[in-house]
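Read through the structure below, which is laid out as structure tokens, and then see the notes.
Labels for the chains are A, B, C and D, by order of writing; each one numbers its residues from 1.
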């Protein structure tokens, strides 16, 4: 296995008296698709929050490309090359698809001053727009640049969700249930998209759709009740007795 | 397409220029009718239009419901008054100082307040303004409850601000300048980013934007303009009154913004004009004008929920064919 | 010195408990309906005026208080049905504007009925003097206020923790959608909560009327303090409102009394005389800002 | 609140009757505190002024008169805005009505600059009696310190040596302290409250702790009402003798507080039991008109109207001749309800100050009774530094 892009080192998180994460440790290797699975309430989304910087862990470290990011805010982590999608679609509903993606492209221009231009109107920044069009075309949303994001079908919104994260050109993509609420056809398209992306970018995938997980993942980590049960190749995980008992048994 | 936008913005600028030319002609017109008193009144309206506009930038574009904007308004006024007390009467020193004080304050207040959200943000900005208010009324050197009187109006180079029309023109120029700046800012990248943050803050954070920094800067820009308005209002009444800092002042400013139209560039100005004129006119007809004003405001809430600017815009839009 | 301290602490307690009466209703309305009600102070004013009018007409302070509570509850329920109900789904700004308008209307209505000048409301004759406790005399009426405040706080605690409506209220404060999903008549619940909040306001107005002044605008100054209280305590939390009220009441009163004295002990007299009142006046706002800095959702956040 | 009420307007036909050279009517701008805790004072001044207008048949100096009234809400900035309007828009000939000295000081400069005469029916700040005295400022009441000086002398003469002084933190309050201490020489602990404060629990606890034998307080309007009520409720009245200037022990306070006020000493330049025909008519008609006994504020409002009336008559309506008008005001050809008084060079009165005690009158009402004179022909302490132009 190549070197680790992301190391999660003993991360704990409590809410009041409830322990959501208990000393979770695993690492994501550069280039792999690493899936994170577990039953509802296992702490998957909480972990994504800790990694992306939406929340701070009570203990433990998040190391990315060899740098400890634990104390850094989300936007800095994004600038370091880590992008996420949300479980519940989180796009700019009242903006057009093009404007959505333009924002993402602009956010990538790493200098903190990228948005601090007070004078020049934005409508004529052609380079930005061209790149944004390219991203939309890549996921099959080309030609719908002027549509409002809020009026897209659910599956298309999920795609837009991924494109937004992608347009920041991350090294690591955190995908939080990209197939949540999608129909079989849309799921299929999403699996294809993720498969295509996996060639350029490391992916940490949280997903309930076991079919998709076993098709896409190089390795799988399993969370149960805030604890890491195991990390391994799909077949190892499938065979792990505790996983079968706690998770697959329940899902079946 | 681009040319259409161009034409539209040209039309908008022409309209704005027209309105400002008409406003500039107001003092001689009032003088012709022997209504000099109203020049001073009109200047007051312009000052409130400025401070309401600055608040609208924070509320409407920054998405921050600040309930303590009076702090910056009052701070500007007190800065000018205190400096004059110290013998510094030149507007070229004291007005920039007023803006600087407001900016400094806004940095501090914004830094702490922006940690909180929603109602907590509303209340913590209010708390800071109240701190300033109580500080002002308990500082004997600042005149306590009575506020600090200005011996005269600020010196303004060759212009005599004691001359009411001149003062009016200076206020009008300040308002025009600030509106122009805000117009540019909101149409530039910074404004677009702000708009997107208002729409979806967590996503903007997730796209790598330092959201807090943007919001703080927006808060500070609003405060700076409020500080300038404060410098003007202190000169207008030749008094820096603690009432400028009180929560009812913040509330009134917020009402002006909502009435005029949250997030419409001219919303704050429209709200200030409508509210102050309504006050003046209603007071003329009934001593119970507060009740009448209250009913009108309720009507705005339920009939023109996006404010008068949007409502008027809607009327025009209905007149035209396209959306 | 200890006696002075004790007396000031009692004053703080009395002030804090009255704040609690206002804050309790406000925090529930705020927490359950997510509604900023600036007109809450107006209900306090209406309560005080009704108490003064009823007490004057009947000659009895008790009847005045009861009539004020009943009357203001009715006003509150009416207000909820006629106006506020339409505002729950609106954004905070619309709520601010509408309830600001209600303040203007309420003030003017009171002015039309009772005039510009303050109205008299006197404490019952029997309680107009002092009583001896622990070796010093303390105004009997202030003791009554403390007693009423403690009783109401207890009653509210029981009502919120032990009754079915109380359970709905708690559920509503922590998760509104869930409550609605449970099939509770949320509309009626809101009206009830609002009316009870109005009744508590009136009680505070009637009890404070003899101490302060029954006048137009009395609601606005105390409203801000009530907001400070509920924000400190955590919106939607009755317990938070109680803790916040007592904190604000005691800190404010003791601060005013002790800060100047404290400063005098290590600062030159002139400086202390200037600084003391200034610091005392902003103390509770400093407290609030500090609490929000470390706990951005107040001391006892009702929502996860 | 911007309460613009036209109190007295007369028909246009009267315009024809006016002199060809003089003004055809007199406009008086009356800005006063008419709402809030200090409202009682402003209302009494207004009612006193209006009673005089009634006695004068709605005319001042034989000219039809218009009195425009506005409420300053006890806020300097509101007062300034209202005054600005009266001066610039309504172009009034006289201004009057202000209760509180801080507001007077805020408004004064713009009135004087406009060369309009200000007839103060109450506020008598030391500034306008001394260095900043102004030809356009007349005070028909007193200089702020005077009533406190009288009380200080009485407290000193009675042998009290450990006194707490409670006043609001504003210019009038500071004048009160300096006035009282000018004649009282014992130990004095000064307590300043916020202007408009209503709850005195903290102050009372401190008073209890410092155990004075007398307490002198100056808390105008609703503040005094609350203070006395809470003072009695706290059980302090048995050990501490209360003293106050007439402002804090007049009919408005007595009416609100009632019997707890009995036995309280206070000082005044006027009392409703003064025995002169003008006063008898004033008190009787005031009671008939308004259903209550007049306070000293009402008497001052009444005198202010009479002073304007006499001066306008003197100049035969030529209100634009400011020099003549000033002379006429200085000539003061009217009979005050307090008996006679003289102007000092600073346009403040030189007059007698009396001691009053609150007791029950023959009808069983709790009210003030005049006991005797404390000062005769007493002037204020600031006149020496006044260089009147």
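Definition applied: contacts are C-beta pairs under 8 Å (C-beta built on N, C-alpha and C of every residue); 3 or more make two chains touch, one makes a residue touch a chain.
Remember, predicted model here, so these are calculated numbers, not experimental data.
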item	value
Both-way neighbours, i.e. chains that touch subunit B and touch subunit A	none
Length of the shortest touching-chain route, subunit A through to subunit D	2
Identity of the chain that, by mean CA position, is farthest from subunit D	A
Maximum inter-chain contact count - chain pair	B-C
Gap in Å, rounded to a whole number, between the CA centres of subunit D and subunit C	37
Whole-Å separation of chain centres (CA-atom averages), subunit B against subunit D	40
Distance from the mean Cα position of subunit C to that of subunit A, given in whole angstrom	47
Centroid spacing, where centroids are CA-atom means, of subunit B and subunit C in whole angstrom	32
Where subunit B touches two or more other chains at once, by residue number	137, 290
Numbers and ranges of subunit C residues touching at least 2 other chains	277
Shared-contact residues (touching 2 or more other chains) in subunit D	1, 169
Which chain pairs touch, all of them	A-B, B-C, B-D, C-D
Touch list for subunit C against partner subunit D, complex	1, 3-4, 7-8, 11, 14-15, 116-118, 120, 122-123, 128-130, 136-142, 210-213, 215-217, 253, 256-257, 277
Subunit C partner contacts - residues on subunit D that touch it in the complex	1, 34-37, 39-40, 43, 71, 169, 192, 198-199, 201-202, 205-206, 208-209, 222, 225-226, 229-230, 232-235, 256, 260
Residue numbers on subunit D that touch subunit B, as the complex places them	1-5, 75-77, 80-81, 84-85, 88-89, 102, 105-106, 109, 169-171, 194-195
Interface residues, subunit A side, partner subunit B - complex	52, 54, 73-76, 78-79, 83-84, 86, 90-95, 103-104, 106-108, 110, 112, 114-124, 164-165, 168
Sites on subunit C touched by subunit B in the complex	30, 36, 38, 83, 86-87, 90, 92-94, 96-98, 100-105, 107-109, 111-112, 220, 224, 227-228, 231, 235, 274, 277-278, 280-282, 285-286, 288-289, 292-293, 296-298
